[in-house]
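Structures follow.
Okay, so subunit A shows up in both of these, paired with subunit B first and subunit C after.
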Partner chain A sequence: MSTVAVEVVYRGIFQKTLARNIVRTIVFAARKEGKIGTAFGRYGDSPERNGIPAKQFAIVSDSPEELEENLAVYEAREVDVTINVDDTMCKGIESWAWYGLQPINALTKPGGTLIVTSRQEADALIEDIHQKDTAYNLAIVPASTSFSGLWVYKDDHTDVRILGALARVCPELVSLDSMLAALEDQGWGGLKLTSARNTHDRLSTRPVEPGEGSEDEPFSFDLPGWKSMEEGLVIRGVEEGTGFRGVAQGDGYDPINSVADGSHGGFEPTRSAVFKKFSTRSMRPVINFDTCIKCTLCWLQCPDTCFDVTPDGLYDANMEACCGCAVCEAVCPVADCITMVNESEFNDNNSQWEHWTQDKEGYHRWMADLIQVQKDKDATRSHGYHSPGTYEAESEVAMAGDDD
Partner chain B sequence: MTTMTQDLPQVRGVKQIPVFEGFTSGHRTCQGCESALVMRLMIKAAGPRTIVVGSTGCMYVANTTYYSTPWVVPWMHTQLGSSGSAATGTAAGLASLMRKGKMQEEPINVIAFCGDGGGVDMGLSAISAALQHDEYNLLILCYDNESYANTDIQVSGSSPWGANSTFSPPGKVHRIMNRRWKKNTAPMLAAGHPDVRYIATACGSYGPDFTNKIRRALTIGGPTFIHSIDPCPKGWDYDPKYSHELGMLAVETGIWVQYEIVDGELILNGPSRAIARGIRPRKPVTEYLQRQGRFAHLTEEDLKFFQERIDESWEKWWVPGVVPFGPHDEDA
Partner chain C sequence: MATQTLPPQAEREELISGSEAIAIACSLADVDVITAYPIRPYDTVMQYVSKLKADGAFDCDFIVAESEHSQFEIVKHASAVGARTFCGSSGVGWFYAFEAITVTAGLRLPVVAMVGNRALDDPGAFGVEHNDAMAVRDLGWMLYWVGTAQEALDTALLAWRVAEDPRVFLPAAISCDGSFLTHSQAIVNVPTQEQVNQFLPQYDRGRLLLHPDNPITVAPQVNEDWLMEIRRQTDDAMRRTGDVIKEAYEEFKQVFGRGDPSPFIEEYMTEDADIVLVGMGTLAMPVRVAVRRMREQGKKVGFLRVKFFRPFATDEIREALSHCKAVGVIDRDYSYGSPSYGGVLFNEIRSALYTLDQRPLMQSFIAGLGGREVLVRDVEEMTAMVQESIDSGKVTEENTWIGVRD
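Here is the complex of A and B:
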């Protein structure tokens, strides 16, 4: 008698079809071995939001009774394998209806495995992953993050490669042969089977010791029950913003007429104390304050009210509120003033403007390095449909990379 | 009794848009959510003395999940089809409290928002009723992302022809599953409610124009309506960074027409005005459609059909881009 649980942590909508392909195939493969299983999404993640971390599960048991017992929970309490299909979520995840930051390995069983698709080295990933007091294993499927899309599925073999890796790290779930048979049943043959088999054969895992990893305390707060909420379940509004960095708004401030030019000491909106966007983004803007022409467009067009207006009339992206959509980069009229850089390059959420005011030379070196890393990796994000043929072209590149 | 309205000056350019934020963080909308931007620009224009009422949709569910709110101003949820009734009730309640001396007399903006599902489909009758009560000052803002985006993209009366959605997936036998043309909501409300002083269409990509429209609607007096087009990276399937650009393309291709109807006069704005005057050619609709995954299955023939419908609306309609019907030849 045994039950094996697998979770897939993915970015909502962009990777929904990818996650579904993975959990469904696990169940089909388990059927080949006479087991019974089910695949489902976490209730609280639906309806999904673009880019917001979400989960789908596959639970496989020897008997229907045992499966039922394991399904009578909202979210599995522990899983044998956690699959993370975007390495920037190694910093932790916040679902849109779940408050606080959940470490990526929170549900991984002692001795279980965390599979991550990444181009990074294991040590670099472990730097971001919260430490655990039990040992587990880390397996890396070498691949760029697959933002496979909703209506148009960009098939870069990430689904089958992960399934191949899964058969390797968790043979008690299903064997590689059953997995390959389940893939064929879905009409996936040829190259896709080869991709699955190659990933299975070449996968290496690295044991992670107890206490190894990031020592950061995951962001959390007390969740009040309905008895401790206010009468009528009223929720207090966010306080009106004051001046920049807690300094009171200067004389003459007027909410109808004062503009975002840094007068009255700048402006910083008060931000939600319970909802941060740390894990929502896979990229963040890096700003060259010296070439900024103060056109206001990044600040104005940001759907997340992410830019603080500094006293010198510049716009500082606040990492508590940025969800990494890159609209600021798209609307900025100055070439290279705003550059989106992959989130895994950063280890803090500090203010770039403060860094720049304190040490301009140091800031420019830091910025130039980040932009160079981004260029070298050619880590352009590719979720969303662009035009006919784009996905086919991108898939060819991704697949060619697999043969390395 | 018509209460006073606030003094909200028009802006000239992006640099005059107020720094005030009434909608900050605490919402968990998609990356690049244009509707969240519309909420933010709306409250920036309206200022802190505003009550917002929101009907069910993304801007309710994603914004105010358990114990969290992005609103600085008072906000309350109302049912899916009742943005109109809630707006009238709120404005009437304020007027009554002020009349009875239970509240200090002061002009307070009342804004009710609804999505296209809540406004164009379910709430149309309540909006119509609200627009008939000309004694109350209120604004109904319909943020149109062209589907029931909150519940994962079902077709609404505002979804464009041919769009892929959960209710209209293209198949092998039938490629085009949404065969309805998008509802022409703002002109319908303008034609049906001649006493309404202000009805407009808007787009969050044009910040100053959007700000001015909200302010005009709130200061002119009586019930008003604004319909905004909001590119939705989730349902339209594009990279979130193109939200701003797609809003502009909707206007530049002539698919979305920017105008205000003020006291019975139609004023076209920005690129739509330039298109109508022949100063600026319309961009081909393919520039807009081919950037969105929801139209990825459209063939050359489909794109041609879409272009012809748009051409027709500009070349054959009685009022180009706005009113499809006109007098019979013998009466003209």
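Here is the complex of A and C:
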């Protein structure tokens, strides 16, 4: 008698097909061994919305009766393996359903495994991942974030590689042979089977000790009860904004025209106390405050009101509110004033403007490094390949140093 | 020469239909927004409202929508921004508006609607059945069945008063039997404007007002972790309606000098009755006649008219039916495949009586569908069947269709 549960954490639309392929193949593979399983998406998620963290599950049991204990739930209570197919979500996930921020390893059982597709090192990922009070394992499938979504299926082998890794870290779920047989049943042969087997054979895991990882308290809030909730399905609008970082402003204060001499304390919109966007984004803007011409376009066009107006009339992207949509980068008329950089490069949500005012030289070095990293990433191919032969060549690069 | 009509200083008698009575109530209540879309028999209200407006006797935004769905959407939104509202429909027109109807209750908007009860299509038919209005019974609408034109006017005033009470903020539907109420005229006492002003305060949406000065979002999308609390809130509002209705009705009786002992039910010769017949709407007329005749013959028969179907006056109905030997419920509706194939009202009454120590025998009758007349002799026939059950100690036929050709 045993049940094995696996969750796949993915970004809505962009990775829906990828997640679906993984959980379905798990159930097919389990059938090869006479087990029974179910595959489902977390219903409260909104997997048809761009980039929203969402989940799919595969649960495999020895018998239908045992499986039934795990049915009729939205989310498994705990899982043997968590699969994260976008390493920026190692910082935690806020689903569209807004339960606050859930650590990426929240459901991972003691002794279970977190599989992440990433080009980062384990230590760098662990810095982002919330600490647990029980030990678990971290396995990295070396790959860039794969986009196999609602509209496109980027056949870059990420799904089969993850399934190969899964057979390795959780042999009690299914054997590699069963996994490969299930892949073949779905018409996936040749190189894809090789990819699955190679990832299985070459995978290494890194034990994560209790207490290891980010010490950040995951953002959470209490859901109100029916006696305290506003009636009439009303959600009260946020109050008017204040000066930058809460400085009070008098009547008739005009944030646009009053900031020119830097004496009026800027402007910061009030934001919802509970609905944050810490992990919705996979990129964030990095701003060169020295080349900013204060044209207001980023502030005006941002769909999430994420820009705070600083006392000196600059625009500081507030990471509580930024979704990473890159509209600011697109509308900014100054070349290289706003650059979107992958979220995995950041370990905090601190104000860039404060950093810049305190240490302009340090800020510029930091900014230049980030922009270079992003440019390198843009120039490098992801794990995908487009013609026979390139896969082998590229996988040698991607897997360098990962071989046993 | 231009003439000016001054508001009358005293109640005046008028010979008007139930529909006209409701149109006059709209005028007296100074309703801000009225929407309309024609369907018989409701459309008579629409005609009377437009006449009042055309005559200059009543000033309101009167919008003829392109469908019932829009009709109910418009009043829903108007109610959210603080307007007193009225609309109505019949039969499948009411059903076409259903998406708007259910969200109106969900959003706790005190829209008042008149349902001119009409058989649901198909077949197309104009006559009364209660299934149209009844479809909102589970959705958070207060639902009232009117017996006379006078009651139609009075209930409309009561409906705004209760619906717009901040303790309630729920919509109310006033059901008027097609033809028998909507199209027949009776003597009605029309109250003065001063009386109505005294009884009916202005609608104040308070903190829930949708207005730029009160920035709010209404009607969010939620998940399973929010919805149950929202439903429970509406449930609590409906639980509060009982006391608010009682309070308002007492004041109504003081201001207007008329009314029954109870706002929820009307009891007719039930006190010592062995058999109590139960029904709603204009059915009361032949039943009361039949009860009087049977009383003359020494038969202990009474009648209970259910006025408020929602909120359902469980305690009062239980009390009214706890002393009789048998209850015959006459439904002007049907519920295919229901428990015992009984009518909707029958099953609600039976459910309410389940906890009684001494449960009366229960018998269900389906009668008067599609506007077929329920005659005095039909009532006598039903009563005789209930008497047979009492005599034999058991109900052999739990449900019987009355006046239907074999």
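In this text, the second predicted complex is superposed on the first by the 351 of 404 C-alpha atoms of A that agree within 3 Å, B and C clash if a C-alpha of one lies under 4 Å from a C-alpha of the other, contacts with A are read in each partner's own complex, and residues count from 1 in each chain.
The definition used in the following text is that contacts are C-beta pairs under 8 Å (C-beta built on N, C-alpha and C of every residue); 3 or more make two chains touch, one makes a residue touch a chain.
These numbers come from a predicted model, not from an experiment.
Undergrad: Looking at the overlay, what does A:225 touch: subunit B (first), subunit C (second), both, or neither?
TA: second
Undergrad: Is the number of subunit A residues in contact higher for subunit B or for subunit C?
TA: The larger set of subunit A residues in touch belongs to B.
Undergrad: On the A-aligned overlay, A:300 touches which partner chain: subunit B = first, subunit C = second, or both, or neither?
TA: first
Undergrad: Should A:74 be classified as contacting the first partner (subunit B), the second (subunit C), both, or neither?
TA: Once the two structures are laid over each other on A, A:74 reaches subunit C alone.
Undergrad: Once the shared chain is lined up, is A:281 touching subunit B (first), subunit C (second), both, or neither of them?
TA: Only subunit B is touched by A:281; subunit C is not.
Undergrad: Going by the contact rule set out at the top, does A:237 touch subunit B (first), subunit C (second), both, or neither?
TA: A:237 sits against subunit B and subunit C alike.
Undergrad: Just subunit B (first), just subunit C (second), both, or neither: which does A:188 touch?
TA: In the superposition, A:188 touches no partner, neither subunit B nor subunit C.
Undergrad: Residue overlap on subunit A between the subunit B contact set and the subunit C contact set?
TA: After superposing on chain A, subunit A residues 97, 99, 223-224, 229, 235-237 contact both subunit B and subunit C.
Undergrad: Would you mind writing out the residues of subunit A in touch with subunit C in their complex?
TA: Interface residues on subunit A, with respect to subunit C: 43-44, 74, 97, 99, 223-226, 229-237.
Undergrad: Taking the complex as given, what residues does subunit B use to touch subunit A?
TA: Per the stated touch rule, the residues are 6-9, 14-37, 40, 47-48, 61-62, 64-75, 150-152, 164, 204-205, 207, 233-234, 237-245, 290-294, 296.
Undergrad: Would you mind writing out the residues of subunit A in touch with subunit B in their complex?
TA: Result: residues 12-13, 46-52, 96-97, 99, 149-152, 223-224, 229, 235-241, 255-261, 267, 269-272, 274-277, 280-281, 295-297, 300-306, 309, 320-321, 323-327, 329-331, 340, 381-388 of subunit A touch subunit B.
Undergrad: Under the touch definition given earlier, write down the residues of subunit C that touch subunit A in their complex.
TA: 106-109, 169, 207-208, 215-220, 223-226, 228-230, 232-233, 236-237
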